[in-house]
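In the two assemblies presented below, chain A is common to both, partnered first by chain B and then by chain C.
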Partner chain A sequence: MRKEVIDGGQLISIMFWTIMGTAVLTLPVLIGRHAPRDAWIAAVIFIIGGLGLSLVIGALAKKFPEKDFVSCVENVFGIWIGKILIAIFFIWLLHTTSFVIWQISTFTKISLLPRTPLLIVVLIIIIPSVYAVHNGIESVARSGQFIFLITFGTLFVLFLMNMPEVNIENLQPVFDDGFNNIIRSSLAPLAWAGEIMFILFLVPNVKQQKKITQYSMITIILIGIGGIINEFFYTAVFGPLRQHLISPFYTLVRYISPSDFIGRYDVLFVSVNLAGNFVKLSVFMYILIFSFSKLFKKQNHRPFVLPVTIALIILTLISVEGSPQLTNFLDNVFPFYTLPILYGLPSVTLLVAKLRKLK
Partner chain B sequence: MSKLFRNNKKKLKEIDESKNTNMFSKDFVENIDYIKNKLSKCCDVEYRPIKIINGLGINAYIFLINGMVDPTFVSENILKPLIKFEFEKDEVASIHEGVYNHLLTVGSVDIEKDLDSLVMKIISGGIGILIENESVAFSVEAIGWKERAVEETASETVIKGMKAGFVENIRTNTSLVRRMIKNPKLKIEKITKGRITNTEINIAYIEGVVLEDLLEEVRQRIERVDIDGIINLGMLQEMIDDSTFSLFSTSYTTERPDRACSCLLEGRVVVLMDNSPFVLIAPSVITQFIQSAEDYSTKYLTASFARILRVVALNINLLLPGLYVAIFSYHHEMIPNKLLKAVADAREKLPFPIFLEMFMLVFAFEILREAGVRLPRAVGQAVSIVGALVIGQAAVSAKLVSPPSIIVVALTAICSFTIPITEATNAYRLLTFIVLFAGGILGIPGIIAVSLIILVNISQLRSFGVPYLSPISPLSLSDWKDFIIRVPIQFMKKRPTQTAKSNKIRQRWWKGSDKK
Partner chain C sequence: MFKILKTSLSIAFMLVLLCSCWDRRETEELLLTDALAIDIPINDSDKYEIFFIATKQSSGGEQTQDGEEGGSQMEAQPWVARSQGKSLEEAINKFTVRVPRFIFLDDNKIIILGEKLAQRGVGETLDYLLRKRDLRLRNYIVISNGRVSNSLAASPEFEDGVADEIVAILEKGSQEGDRFHHKDIKKFAEDVVTEGQDAWAPIIEIITPTEVVKYNVDKAVIINKTALFHKDKMVGILDREDTKGFKILKGLANRDTFATEINNENITYAYNQVKVNRSLTTNSDRVGIKYDVKLKGNIAESHLYTDFCDKALKDLEEKFSKVAEEEIKSSVSLMQKLGSDALGIGRFIHAKEPDIWKNYRDNWDMIYQDIDIVVKVDAKIIGTDFISKPIIRKSIK
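Then we have the complex of A and B:
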């Protein structure tokens, strides 16, 4: 099989949406629960955490430029411990992907297709991604870049159209929420920033491996700036009210009304979000299926696409009970086991590799 | 299964028999009998014995195919000199050398050493000349069949710019290209394909600009073709294309020499085929969807505006019927109240749901379009009257369809004609239906899902190794100068990055460059 190659622009595009896809939907809610006034600080911590992880990713990629993360871990820890670690990661990813799908489909269902069964919406969401994953990472990357180019501006334009509603006083006084709350509010964003480590699975496919640190840093900064603007607007527009909103962005977009003629931009937002989440889901599923096939030492990932997809659909339908339960879970449980996996696994791998002086 | 396969192989052998070489035998009569035998039961073959070289009276024989050669040319330049002229026998080593040097007053004469290639030359419009006691024969090219003159293109018309289009004769076509690119680096290679038809295929490229890998890929793909006959270019296109399982085709055809030449200059390969007034361009990428030959003969601002129009029209063509159905059946809240009321009033007494109404209209339009292509010119008016009055006016007054739906279909139809490339138009014709179905069944999420599937399908395509989504992804900004916006020619200093990696610089001239 020909080796698939993706370039820096494509990597940044797909990683941007990989993190941004559900971050737009969920993070404002999670941050708002703890620090509604100083929400933007969580986005700054997001950048710091992401940049730190980027350094680890860059170092690992430099050490093992021809190895993806699975063979890298197996090389560093030995076959058996490595396989166990990857299996843990795989199970984490399977579970995470299932509620990523749930989030996207529920959001789509509520906003556009309220009377359609969830299974059908899940199928609408998952089929394009399955097709992209079946075609390989190049296809994911190219369509990801296409989507990035046409959607990147849209979100910011939607924000700027809200300028008349902004009230800066809602943000003051800074640090009013208390240090502990701010740190607590930044745990979920940090977990999202950890997803940048997916780059490690794509290292052999990247064209210029020396620049991987830069690529992941650019991605993190882009998302971070987007996040800061996001949180700034939510607080500035809604004030203390934002704590009670289920989907602040959606509500914010519904505020826009520049003319009497067209007053509903939420469909545009849902469409952009669907396209972005297609990229997110494709990357998640590609890594999922890729790590699964690597776990069993198979070079071709295609035979695993269908079984993993079916497992994912079933998991999606049974693993989440409802929106409040998911929000609670993402707030109180998810970061505490995700952070060790996403940050710990690459860091420990790097540490052990350095100690064992592996080349 | 294996039995079938063996049978196939046998059959192939029977036809390939003609490829064994048959050298001339010593016996003159035997040679003639061999050719006569090969060309037996062909009523259009003519042959006659002649005595050549005035005075010597050596026996000779000529073969030709009536209708494929120019009769005056044959009598003036071949028969007359052969029979009437003479030369000093001592000056030449052999008779055939003398004939070659002194008698045949024509440009393209080939010396044939085996009988089968001589037969091939005869049936492709040559004249075979056999001389007694000589081990070689001559074939003279004297093609003189009737053909269509070079005239204005039918499929890609422009207001400004070159009018001439390619014709069926491959030599006329190569001459049209050669006239524009007068450079020995313009290479035209010949490949003959089709076991029975022996169709000539030419690969044109500019040496030093084209990528060797690309050229080799095109060559190999054409060489791989093994079929009894290639009748039109579409068959060849489908056989060497990458995208068998996609609606989009990864190579385009054009009828315009100027377009072919500009593609050559960009480092692409142009494939010409005998009997085809279209030529094939490889590789092709998505930018060419919206590029028309006219863009380069109008001012860049106008051209850019036209291209933006085309992008909008392309999207309207693809999405509008689907969006219309989706919005009016699922997402009423998106529509401004007044518009919603207007459409609802128009649809108040209609019997059909909006999806069915739309489907019928789009389908009816497709039928009209298909009929419009096939119907004879004389009844064209009848069809347009039936189409416009019956389907349009009568359907509205009979309260079967609503005027807004007709507006949507008409706009979609007109937009589909703005696409300069027929391959793209055909792809979009089908995709419109798919989007319409998705919108009717699943609303806007369905349309987005279908668009994403189309996007993935395009993104995995490669045209002769070049990613189909090329200037968008992998992103190369210098190619965007000739994409949605066409910048002034002075600023387009580079060739497309994907097709001309080895020789990128296109122009050096710019203000002040003289001073260097």
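Then we have the complex of A and C:
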């Protein structure tokens, strides 16, 4: 098989939407539950956590430049312990991907297709990603790069149009939510930031592997600044009302009204979100199918695309009961097992590799 | 393997295209509401009464003898439907099952709440409306003086329907004078949930035929008062003069007038620029608030002869500053008496002095009624609009 190569810009583009895709839908609600006024601080903590993990990712990539994360773990811990660790990661990813699909499908169902059965919406969402994954990471990266430029610009304009509604007083007094609440509100964003470790699966495909730390940091800073701007706008525009909104970003976009003659910007947000989440889902599915094929020592991931997709569809339809249950789960359970996997696994791998002086 | 994948993807894709017909909607199947009005029903066990106000499009064309349609004119007809239930959802459902249309709230422009409902509390209603995904937060909110059904009986004077008439008055009128100000659901709900801030909304009322200039209209709708809330309950009303003072302090004022008398003759000052600066004052252990209001405007009408020299203008400025100050203070006193912190003084203390707010928070309702609110007005006359001598009665010349 020809080795697929992606450049730094493409890596940043796909990783941006890999983290941002569902973050714009879910994180404002989770952060707003604990620290509505100081929500922007959660985005700062997101940057700190993400940058820390970027250093670990960079160090691992430097140590094992031609190895993906599966081979790297097997090399460091030995075949069997390595396989067990990757299997744990695989189960986490399978479960997480199922509710990523559920979140995207439910948002699409609510905003565009309220009467269409969820299964059909899931199929609409998953088919483009399955096709992209089947074609390989290069296809995902190229479409990601194209989508990134358009969606980034659109989001920027959408926020600018909300400027007249900004009330800075809504952010005062700073640190009013209390230290404990601010830290609690930043757990979910930290878990999202952990997804930057997916880069480790793509290391052999990256053109300039020496710059992995830089790429990872740029991605985290871009998303972090985006998060600060997002949270700033939710609080400045809605004040404490943001706690009572089901989807703050969607509501924010629906609230835009700079003039009487052009309105209804929701379609822009829904399009941007669908495009961004196509990238997110493609990356999640690629890493999932890739790690699964590697687990069975297969070089070609394509034979696994269909079975894993079917498993994902079934899991999506049975694993989530509804939005309130998912929100509670993402707030109260998800960060506590995600943080050890996404931060712990690469850090321990690096530590053991250093202790064992592996090269 | 690739063949199987390709085939299954193609089948799935075709299924998707076929199945998306679930959400197909023809525009004629939709009931595009202009306004939603909610009230408490009279003498009934139900809790809510809901009105849907829409403009129904109907063809005005006639069929010719050879069967062709003789025109494509569409005539807009105002249309009001009523339903009631133990909950808002039940009221809407009862209505949905008896009409062959899908209620589409995306184009709704205004929410009208009955006075009794506002006095009982709007918390549940607001919560329901915020959760209605197709309802936009840009919807204006108004309170009906008395029952909603009475307000809806008004005939529009200039627009197609009463809802459009109210929206037009809200949008244009808020810019032209300071007798009311529009408020949307987002801002209203934000006030209800914000600590140290109470909500307010304009009031619509019906005027009788004798007051209506255009006599082919039975009843017309006007807006010139403001409903004040405490928490989610309406606690009182600011009349048109008090609303002016309230709008000035809120920084929402655009233009309006203050009138006074000199030698028993009227003189009117029309301000068109307003700047408000509020600051906290501390007097021993008490916190107060000071409003510095700067007005700029013209002498718009004078029934007495004067040459408007510098000294005369200075005297007039002082007089108008005093008049404005009195009117604004009267508005503030009424708000304090009613216990409605619509000016957001508590929220201001919270934002600027969080430590003091911690002590005030639990007893804010009591503290607010006694807090010192100082209003200083500086009215400047930037023009007299009297280049030539005014026409006045000879007796006082």
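List of remarks:
In this text, the second predicted complex is superposed on the first by the 359 of 359 C-alpha atoms of A that agree within 3 Å, B and C clash if a C-alpha of one lies under 4 Å from a C-alpha of the other, contacts with A are read in each partner's own complex, and residues count from 1 in each chain.
Here is the rule we go by: a contact is a pair of C-beta atoms (placed from the backbone, for glycine too) under 8 Å apart; a residue touches a chain by one contact, two chains touch by 3 or more.
Remember, predicted model here, so these are calculated numbers, not experimental data.
When the two complexes are overlaid on their common chain A, residue A:112 makes contact with chain B and with chain C alike. Looking at the shared chain after the overlay, A:271 reaches chain B, while chain C stays out of its contact range.
Of the two partner chains placed by the overlay, only chain B lies in contact with A:9; chain C stays clear of it. Of the two partner chains placed by superposition, chain B and chain C are both touched by A:131. Once the two complexes are overlaid on the shared chain, A:152 sits clear of chain B and of chain C alike. Of the two partner chains placed around the shared chain by superposition, chain B and chain C are both touched by A:120.
Contacts of A:143 after superposition on the shared chain: chain B is touched, whereas chain C is not.
Common to the chain B-facing and chain C-facing surfaces of chain A are residues 112-113, 116, 120, 124, 127, 131. Here chain A touches chain C in the complex through residues 110-117, 120, 123-124, 127, 130-131, 134, 169, 172-173, 176, 238-241, 243-246, 251, 254-255, 257, 302-303, 305-306, going by the rule given at the top. Looking at the complex, you find that chain C touches chain A at residues 1-2, 4-5, 8-9, 12-13, 15-16, 19-20, 22-23, 127, 130-131, 133, 136-138, 186, 189-190, 193-195, 347-348, 350-352, 354.
Within the complex formed with chain B, the chain A residues making contact are 7, 9-10, 13, 108, 112-113, 116, 120-121, 124-125, 127-128, 131-132, 135-136, 138-139, 141-147, 149, 260-264, 267, 270-271, 274-275, 278. On the chain B side of its complex with chain A, the touching residues are 330-331, 333-334, 336, 442-446, 448-449, 452-453, 455-460, 467, 469, 472-475.
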